[in-house]
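Below, chain A partners chain B and then partners chain C, in two separate complexes.
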Partner chain A sequence: MDMAYLIATIVKIVVILLVFSALAGLGTYFERKVLAFMQRRLGPMYVGPYGLLQIAADGIKLFTKEDIIPANVVRPIFKIAPVITAATAFMAAAAIPFMPSFTIGGYEVKPIVSDINIGLLYIFGVMGVGLYGPLLGGMASANKWSLISAARSAAIFISYEVVTGLSILAPVMMVGSLSLIDFNNWQIENGWMVWYQPVAFILFWIAAFAETGRTPFHLVANDHEIIDGFGTEYSGMRWGLFFIGEYANMFFISFVIPLIFLGGFGEGTFIDGLIFLGKMSFFFFFFLWTRAAWPDVRPDQLMWLCWKVLMPIAVLNVVITGIVMM
Partner chain B sequence: MFEAISFYLFAFLVIASFWIAVTTSQALYALTALAAGMILISGFYFTLGADFLGAIQIIVYSGAVLALYAFGMMFFDTTREVKEKNPNKMIVGTLAALSTILTVVIVAAPLVSENIVAFYPSVESIGNTQQIGVVLFTKYLVPFEVAAVMLLVAMIAGIVLAGKKMDVSLTKLAEEEIEKKAEELV
Partner chain C sequence: MSNTEMFKDRNISEDYFLLDIEDYPTTPWEKFKRVVKRSFKGELFVGLWVVLREMIKFDIHTIQYPEEKLPIGPRYRAVHEMKRLWESGTERCIGCGLCEKICISNCIRMETRYDENQRKEVGEYSINLGRCIFCGYCAEVCPELAITHGGEYENASEQREHFILYEDMLTPIDDVLNKKQREFQGFGAITPHEDERLKKTPLAY
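This part shows the complex of A and B:
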């Protein structure tokens, strides 16, 4: 393994960490603005032009706030739980190609940390580990509401992992590979995956809302109990880490959906790269749009939807794909 | 060099995790350390180039340990220490040492006699996902199918055991109806 590879990898990791930590902050700004415009409000306006410096203000507040650890909590677990959420979100990014490869000064840069040939499995496996963040946070909190919220979020994650896995199985069968680069190349030759697998696309999209814990599946932190679910006992930057994890996950899922279903970055020219970022932005915007437009569903409705509607459809989709492919 | 760094790092982390899992008397520590250990084992698979098994290890065990968390939630107050009865530390220590030595001997014996041959050596051009598929559906087809049938049996049994009285949904009943049901049960 040569030195150039090592340095390039470290640079990529640092860039991804910095960019997406910043984007998570920017994401909260976008979210507040989009929600505000959809509800005929102005949103943040006071700090800076159009409230743009609100992000900095929030950041300063979160970083300087006292990190309170309540009595009776299990201290090490309580402290480590937010780190798990944020860390797993960023670890999943290791197998996502963010842009087509480009050349700087004669050196070809591939904007993917590691093109392992099981990229998809790895991404969803590591994102799945992310559920330990809310779970441990809730269980260590010594607060009954947090515990209930933790149990509920674990149930939702586990159930919707099944839908994610099964819905992605049909496209994987067609492409015959688990690498996102191979998905991209397959779609250059055969056209967008969404025309072959519309059902899988819809199912995966629905499951993405549960994976990231967004409205209408926002039962992780619970609005109708008026408290913040597993995050009730957290303050300052530890709470902020849960937030960064959630937003980073939203961004990464928004990258993965177009990569699998909507042609990715295609041939890899500059225009293609811009179009890819456009697709990603649409999916991110859709997360916010849904939050403005839809109420949360009840936990039992969510389970009903998962096990009695989405999972059978996903299984049927896999079987039909198999029969057609034979 | 990277292999060596990765191996020793993960070896240390895995042993530390499982050490905590076994020795602590705090249920939440034990569960978390177990989950961490199981997930860290995948590091060895990635080091050895068995990417598929590594990812599967993460997915399967992060889900499996979650079931233990559910038990933890139901049976303990996980934020409190559990009072354990181990009368004799000597017995525990001796048994642990014996089983460790036995495991090392069992694993190291074929290495010493240089008696290891790969039945299906890995092929450079084929990804290891495909290789596992080929082996599973040729040589190990029968065990694979038996495992599938066993899982199916377990699933049906689970549904039958848990599915009693699931025809009514408590969330959809009115308050009085729930109270009436409670009285009927008493």
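This part shows the complex of A and C:
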């Protein structure tokens, strides 16, 4: 293993960690502003110009707030749970190509930490492990709301993972690889995947909402039903880690959807990179948009939807794709 | 249904209609049909469009309070004002004590005495704004229109003693001499342009 590769990898890891931690903070700002504008409010306005420094104020608050660990909790699990959520969210980023490759001083930089041949499997596996954060944190909290939230997160988990896996299976069959780079290259030759697999696109998009726990399926921490769910007993930076994990997950999913279905970054020119960022921004914005517009479903409705509607459609999609490919 | 027919004739507008609510689905097939109908009828997209439209219109309704304030009505009942006579500038209060009597939260106190001309004079007059419920009875009962309610509603303070400062309520003598004292029209006065805001009650009993 040569030195340049090692240094490049470490630099990439540090950049991804720093950029997406900051983006997670910026994501909360965007969410507040977008929700506020959609509800005819102004959102944060006082800290800094147009409230931009609100992120810094929130960061200072989270870092300096007392880290309370209640008396009856299972201490080691309670302490480790937020770390699982945040760490797995960032680990999933290892197999995501964020930008087309570019050259700095004669050295070609590929903005992906590791182009492993099981890329998609790895991403969804690690993102799935992230659900252990709410599950363990909720069960260890010695709080009824947290317990309900943990039960819900388990129920959601087994529901949506089936849909995610089956909906992504048909595109994988067509491309014949699990690497997102291969997906990108396949779409350069054959056009966007969404024209071949519109059903899989919709199903995967729906499942992404369950994956990130965003509004139509925001059952794990539904404020009006179960306070903050698994986060009820958390305070300070431990709670902040849950938050960073959630927003980092939203960003990563917003990268993955256009990579799989909407042509990714294409040939890899500068313009293509910008267009790719535009697609990613649209999917991130859509997460905020639905939060302003749509109501939440009940847990049983979500499970009904996943198991009895989406899963059969996904299976049919896979079968039809197989028949057509033969 | 027939005994509610009388309520339909409300003689205010023709826009009233009864909502047509479907029965709840019972069989799985009906439930599935409802999901499909709701998913593809576009209700979800109507919601998305409505919030996006509001965002593009950017019609912000927030009042950034300390910098911006909404106008308050002329009949708003906030901190009291003690009026003066227009001609001489002396205090209008004749010390009759009616406000003290009618005050239901017992927050008005006054001491009166005879001055050198054997006329009644108010020595000490205080309203404990910390106890006052701003019901407006004192202004209503005052025969001289001497005590009225003003529009000053920002009366937070660090000390309770600040809530009974008579000097703050008394109209400054300069204002009276410059003819700036806002006059209260007395009990029963209505808001200007009240006619335009009148509406018929929705139920024609």
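One rule holds in what follows: the second predicted complex is superposed on the first by the 325 of 326 C-alpha atoms of A that agree within 3 Å, B and C clash if a C-alpha of one lies under 4 Å from a C-alpha of the other, contacts with A are read in each partner's own complex, and residues count from 1 in each chain.
Methods note: contacts are C-beta pairs under 8 Å (C-beta built on N, C-alpha and C of every residue); 3 or more make two chains touch, one makes a residue touch a chain.
Here the structure is a predicted model, which means the values were calculated and not measured.
Partners chain B and chain C, once the complexes are superposed on chain A, both fit on it without clashing. Touch criterion not met for A:M280: it reaches neither chain B nor chain C. Taking Cα centres throughout, chain A sits at the apex of an angle toward chain B and chain C that amounts to 130 degrees, reported as a multiple of 10.
In the superposition on chain A, contact of A:A293 is made with chain C only, not with chain B. Of the two partner chains, chain B is the only one that A:A151 touches; chain C does not reach it.
In the superposition on chain A, A:G125 makes contact with chain B only, while chain C stays out of contact range.
Of all Cα pairs linking chain B with chain C in the superposition, the shortest spans 9 Å.
Of all the residues in chain C, the ones that touch chain A in their complex are 28, 32, 35, 44, 47-48, 50-52, 54-55, 58-62, 64. By the touch criterion stated above, chain A contacts chain C in their complex at residues 34, 37-42, 45, 289-290, 292-294, 305, 308-309.
Chain A meets chain B in the complex at residues 1, 72-74, 76-77, 116-118, 121-122, 124-126, 128-129, 131-132, 135-136, 139-140, 142, 147, 151, 154, 158, 161, 177-178, 298, 300. Of all residues in chain B, those touching chain A in their complex are 2, 26, 28-29, 32, 35, 39, 51-52, 54-56, 58-59, 62-63, 66, 69-70, 72-73, 78-79, 127-129, 169, 171.
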